[in-house]
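Read from first to last, the chains carry the letters A, B, C, D, E and F; within each, the first residue is number 1.
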Amino acid sequence: MPAGDLRCAEWSSDAEWEAWVWTQIKAEARGDAESEPALASYLYSTILSHSSLERSLSFHLGNKLCSSTLLSTLLYDLFLNTFSSDPSLRAAAVADLCAAHERDPACVSFSHCLLNYKGFLACQAHRVAHKLWIQNRRPLALALHSRIADVFAVDIHPAARIGKGVLFDHATGVVVGETAVIGNNVSILHHVTLGGTGKAGGDRHPKIGDGVLIGASATILGNVKIGEGAKIGAGSVVLIDVPPRTTAVGNPARLVGGKERPSKHEDVPGQSMDHTSFMSEWSDYII
Amino acid sequence: MPAGDLRCAEWSSDAEWEAWVWTQIKAEARGDAESEPALASYLYSTILSHSSLERSLSFHLGNKLCSSTLLSTLLYDLFLNTFSSDPSLRAAAVADLCAAHERDPACVSFSHCLLNYKGFLACQAHRVAHKLWIQNRRPLALALHSRIADVFAVDIHPAARIGKGVLFDHATGVVVGETAVIGNNVSILHHVTLGGTGKAGGDRHPKIGDGVLIGASATILGNVKIGEGAKIGAGSVVLIDVPPRTTAVGNPARLVGGKERPSKHEDVPGQSMDHTSFMSEWSDYII
Amino acid sequence: MPAGDLRCAEWSSDAEWEAWVWTQIKAEARGDAESEPALASYLYSTILSHSSLERSLSFHLGNKLCSSTLLSTLLYDLFLNTFSSDPSLRAAAVADLCAAHERDPACVSFSHCLLNYKGFLACQAHRVAHKLWIQNRRPLALALHSRIADVFAVDIHPAARIGKGVLFDHATGVVVGETAVIGNNVSILHHVTLGGTGKAGGDRHPKIGDGVLIGASATILGNVKIGEGAKIGAGSVVLIDVPPRTTAVGNPARLVGGKERPSKHEDVPGQSMDHTSFMSEWSDYII
Amino acid sequence: MPAGDLRCAEWSSDAEWEAWVWTQIKAEARGDAESEPALASYLYSTILSHSSLERSLSFHLGNKLCSSTLLSTLLYDLFLNTFSSDPSLRAAAVADLCAAHERDPACVSFSHCLLNYKGFLACQAHRVAHKLWIQNRRPLALALHSRIADVFAVDIHPAARIGKGVLFDHATGVVVGETAVIGNNVSILHHVTLGGTGKAGGDRHPKIGDGVLIGASATILGNVKIGEGAKIGAGSVVLIDVPPRTTAVGNPARLVGGKERPSKHEDVPGQSMDHTSFMSEWSDYII
Amino acid sequence: MPAGDLRCAEWSSDAEWEAWVWTQIKAEARGDAESEPALASYLYSTILSHSSLERSLSFHLGNKLCSSTLLSTLLYDLFLNTFSSDPSLRAAAVADLCAAHERDPACVSFSHCLLNYKGFLACQAHRVAHKLWIQNRRPLALALHSRIADVFAVDIHPAARIGKGVLFDHATGVVVGETAVIGNNVSILHHVTLGGTGKAGGDRHPKIGDGVLIGASATILGNVKIGEGAKIGAGSVVLIDVPPRTTAVGNPARLVGGKERPSKHEDVPGQSMDHTSFMSEWSDYII
Amino acid sequence: MPAGDLRCAEWSSDAEWEAWVWTQIKAEARGDAESEPALASYLYSTILSHSSLERSLSFHLGNKLCSSTLLSTLLYDLFLNTFSSDPSLRAAAVADLCAAHERDPACVSFSHCLLNYKGFLACQAHRVAHKLWIQNRRPLALALHSRIADVFAVDIHPAARIGKGVLFDHATGVVVGETAVIGNNVSILHHVTLGGTGKAGGDRHPKIGDGVLIGASATILGNVKIGEGAKIGAGSVVLIDVPPRTTAVGNPARLVGGKERPSKHEDVPGQSMDHTSFMSEWSDYII
């Protein structure tokens, strides 16, 4: 979809934006149900029978995350109550839907992301777990965390703070620790670790600035700061601070252009999603 | 099992080969059911009650991939209709079973692979999703893709093209992008990424030649060409073309023997599965 | 929890230790059930309705690992019979619970680990599969292996031998091959591979000594020996023996301090869980 | 429970009455959960985790009546929305709970009725189906009707009108036709039919007055009027109007005391539940 | 629906009739799905996603009758294979749908009967069980019989022979014994027993002629013959042959008009469904 | 099966008898599994994988009676513990299996009864509920009672006392009240009510002597005594004591031969199962 058609960021209020996205999702699902009767039942139960995005999302998450000992009705109720009472969670979900739509060329529609993106679904469920955590309902938050980790293979500690417009692309194997913070408009590929430094408690996980792009299988360890608009190359092992708009690659990761005068880029890589151009240069350089 | 006993490749037709493999599977399952009554129910429901490999496989996939909103009967029907109407899918499944049997020393029997190998099961389900994709039934293909990614933690875009005789060993965490192509007789270990270059659409994922071996946790990004019979070392990050019968290792990956005159090997690594001898040499060399 | 309060290692017998841990778990669950009614049903069904740790664990694993073709009652029976008849499995489970509690600052309680840690649960289920394997009930062991790999994305071959007091932290994506051996008091992060050398059978997987720490996404291949108390850095690709109390890092991994005279550390990293200090030094050194 | 303790009828408002009953139910469930840990999980999920009777009832009915094609989350939502928006349905449920408690000596507690009485549960689900029917949502009402008939073997057409304080005792096999009307404080035993006259549509089913008692296996056919406070003997086949406070018995049913001057009784049999004294007299008389 | 619109009996072939009914069902379901989004998922999964009546019916029965030990996929396969290979079963199902539609004023549509009538569904499942029985697949026939009896509370021995155009109205509690025979165009109300004479085997159950009407809770015992077009009053206990077009009522049942010269009626009561006019006369007469 | 082959009553101990019956059941199931692969999975899971009748029965009942809020593992555990610890429950189950086999000509094998007879299964589950009741675990007993009533449409109060060798034939709709007592070798058809006298508590339900036969749809009300070896005709409504070896029929029921000098029969009708000869005589007599 051309960005001009989408215009995710131009709404006068979050509620208006949410209504617009929900309208798109319903229209997409209606079209798909007509063209594919085998999927119509699924589309009606997950989307078309619901009166709002929050109900659809609560239903879908409740059915995805339930188990024989944590029933879908209980989870549905929990999700619906939380999404209904906190508009910021709904606004974040809408921003995440738009992030996937804009940045991932394989994302063919909003409804595709809502239904099928395990990164999107894990992130929305995490937002609810995080809310429970800060309300001091920790055992419930951790039980939800466990279900997300089992079902999606995405392991985000409920205490971790995550901004809006975040894309977890593919998402399998992502691990985000307790004191990690992720800014707005960040894009994180699969198998990425934002890990701790060991046995001691306290503030021990990475802080990811706005607009950062973290490539597949990158491992960032410790209370390091990845500055706004930085890029982390796929497969990198990062143990150092990375200044804003610079690039770190390799195992162990070094700054492209050198520690003293790293190269700076102009784009916001979390949004431009340029995974490889810088890496190829670096690769050429080294070899 | 000695290769001489197996002779997977010597049948006069795919149908004859399929019949022979199915006979083996039934015999194995019958033996296991007799020696282990606790498993007999499982073996009868998944294998011994069925009249053909396609029915057994459709039943097993339908039960593995179903959810509360995508019922097993719907999926069973979809798998059975697709496998029944397209002999090439069945031939590919048979070739994949033989690939696992020949190449993986931990694969004790065909039935073990059929029942328990998440890589094998994910790949067969992908073949059906791919068929739906090229029939322009994309929403259904993507729904199936999503179930495979949730259940097996294997994320293969339904548009990706995969040859025959492919082994996804262990398979957890494998990610294969939309425009990726994988040849015949390829072996791919777990956590392997065949990823894209970013936000732009178009042809942006790797092309893997016949007989390639890709080690665990290797990340290959962009529309690069991994030539026939090449090897990619475990943990490598590959951003360059790799010529036929050469080896790439490291992060970023370099060709063993050097960019100009890389060493060439004789064997077909996707079949010989030599993961480490070349890497040890390389490792010795570097240190 | 301060180590002084816990004193996991000071009991006069395994049975006494088990009883004490079970008492703690019940008390924790009772407190959580009182403060969080929405979770009380879950806590009663998984913990508070049971008369022993082995019953609770068997119930929880049976419900987690069951499928439409492997019923929870069958698995519950299998787990309960195995845990009841072999005290060493129960002692290992208790040691693993204490390992998580002592080493992982995010582990808030024993019950949190028992209910929610996929690494803990996968390991206990593996211990049962391993017991079946050595009793020559291989098809059942492999079926259980397959369920663990599907549900937890943790793939431990049932023949692999694992000691006590082992922590699989986060655990998603761990792969442990058929002839691998893991000692006591080892800590292994997520995405770690203890892989083989290829197509040939025989003894082909790593041997991990007591007290070893293996960082996230490390790949160790072949029948190499990781000596007692060694550390393997995150993201490393290890193809060599690593002497006791030394550190290997990088891709390919080299010994810190050099091949000839590697630096030796004093602590037991599998217990101290110091993931990063040594890596930072090394990282500084290289760049 | 002595009537003096219960005083179901003495509340100043329906809401106050409902609150009192809900308090009783929670207290009963709490006591049972403490004395029977094996049932505690069930009691928490069905009663103790809920903040109101309508949530508890909606949860319980949703889980009882769901099927693989009508999900519990959908039904829970439907029940909760209906009970929340219509206080008269909640008042009727409370009156029915009290009816069971007062009239059935086997009813040991309100929570026992709420959880276990299929007649009570079928009747509350019918009230929702009836509401849907009069809102002209007939296909949904009939789908619910079908689930009630399958799960409880109680077949009440969604168009049938039922008063408050009604006891369906045992309930299996009850059939109530489309144009039937049941008054307040009626007691109906199992296998009772309020049936039609055949193929023609229109008003064709019995009208049951307030306070009527209908014995087990009684069959009442056609648009006949069973007057206020009448009794219908077990096994009777009734094709005639039965005047208020008279008794009909036999096959075909006749009025005790004769058609012209039937005997009149003083009590309200729907509440006094005297099943047999009159029948014994009649039986003696006939033989 | 006026009989003139329906004209169930006027098709030139069973296949044409089946096609017409299936078209009606799809149209009804489409209309209901549009007017009631909450039910659309159910209607798509059970009807609108299917390409034929036999697939829809097989899917619906498979999901209704499955259990944790008899999976829906197995039953779906069994039903679909049987209905596909035997057109007479499909023709009988169509005739039964028309019978309900014509005779039951509460039957608002064909789809209502297909989805919701437990008598219709039990009868179609019985037809499959009967086919298995005569193919000498008795254990499977009896397992299916057991599921029908559990799920629908309708207990028809798989050996019993049942004609076409049969209406089991309400159906709960119907019991039909092993050697019973039911003709065409028969209507049977709920709680009807066609029972045996005791311990001895052999031909020991009733034979019901074409066009018979059997009222609610009637009990017919032994190898008696209920002649063509006879009526059996509700609640009757019949131990005698009943001549064609006569009426038996009472406990024990007697012929209306007397044993020697019973009254004969003109209509076909199994189709006219006149339950009560004759009974009222008789009732008046006796009292 | 000829009685001579069966000889159910000739074993020197209950344990020996149980072992013999279990051997028969396994042999039957093995034969059925061989001849019907579609059923083999079911037969292995329910019978052939188990080491004893009590485990098979506990497994089968646990899976039949479980719900989303009462898990199969909990029920399995409860049944297995109860059957294991009380040999008299196992002896009663064996006697009931033999009763069905000897008296019901439609009972083709012991395994058929064990798997498929809802009367048999409801009765065994009731025996466990009764044991819980007398252990004062009443809420659990009532929860089990409720599941039996939902699943089998058989409603036996957990306080009711039931002897051995009892056959509930067809069983749907049976209702047995709190203070009812049923002797040994009794046969009870479907829709039979042993009901109370109304609102007052205390001893208010029928007492059924040894060897009694109660026909279909008979209703027996109040604390009346049905003497040893008596017969109750189908459809009777019984409000009086019935002397030993006499017959009561009709609505209201009268003694055959008259109140003063009722006819006495020689056989034990609960075992001879002569449902109808006496009724025919009586019927002839009346008409």
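As a convention for this text, a residue touches a chain if its C-beta (ideal position, glycine included) is under 8 Å from a C-beta of that chain, and two chains touch if they have at least 3 such contacts.
Just so we're clear, the structure is a prediction, and the values are computed from it rather than from any experiment.
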Intersection of the contact lists for chain B and chain D: A, C, E, F
Shortest path length from chain C to chain E (each step joins two touching chains): 1
Pair exhibiting more inter-chain C-beta contacts, A-F or D-E: D-E
Residue-number overlap at the chain C/chain D interface, same or different (half cut): same
Computed distance of Cα centres, chain F from chain C, in Å: 51
Inter-centroid spacing, chain C versus chain A (mean Cα positions, whole Å): 28
Inter-chain centre distance, chain A versus chain E - centres from mean C-alpha coordinates, in Å: 55
Touching two or more other chains - residue numbers and ranges from chain E: 38, 41-42, 45, 49, 63, 68-69, 71-72, 74, 153, 172-173, 191, 217, 235, 251
Contact set on chain E toward chain D in their complex: 32, 35-36, 38-39, 41-43, 45-46, 60, 63-64, 66, 72, 102-106, 108, 112, 115-118, 151-153, 170, 172-173, 189-191, 215-217, 233-236, 249-251, 271-277, 279-280, 282-283, 286-287
In the complex, chain D residues that touch chain A: 45, 49, 55, 59, 62-63, 71-74, 76-77
Touching residues (chain side chain A, partner chain C) in the complex: 67-70, 74, 78, 137-140, 142-143, 145-146, 149-150, 153, 155, 157, 172-173, 175, 177-178, 191, 193, 195-202, 204, 217, 219, 221-222, 235, 237, 239-240, 251-254, 259
Residue ranges of chain E touching chain A (in the complex, touch as defined): 33, 37-38, 40-42, 44-45, 48-49
For the chain C and chain E complex, residues of the former touching the latter: 68-69, 71
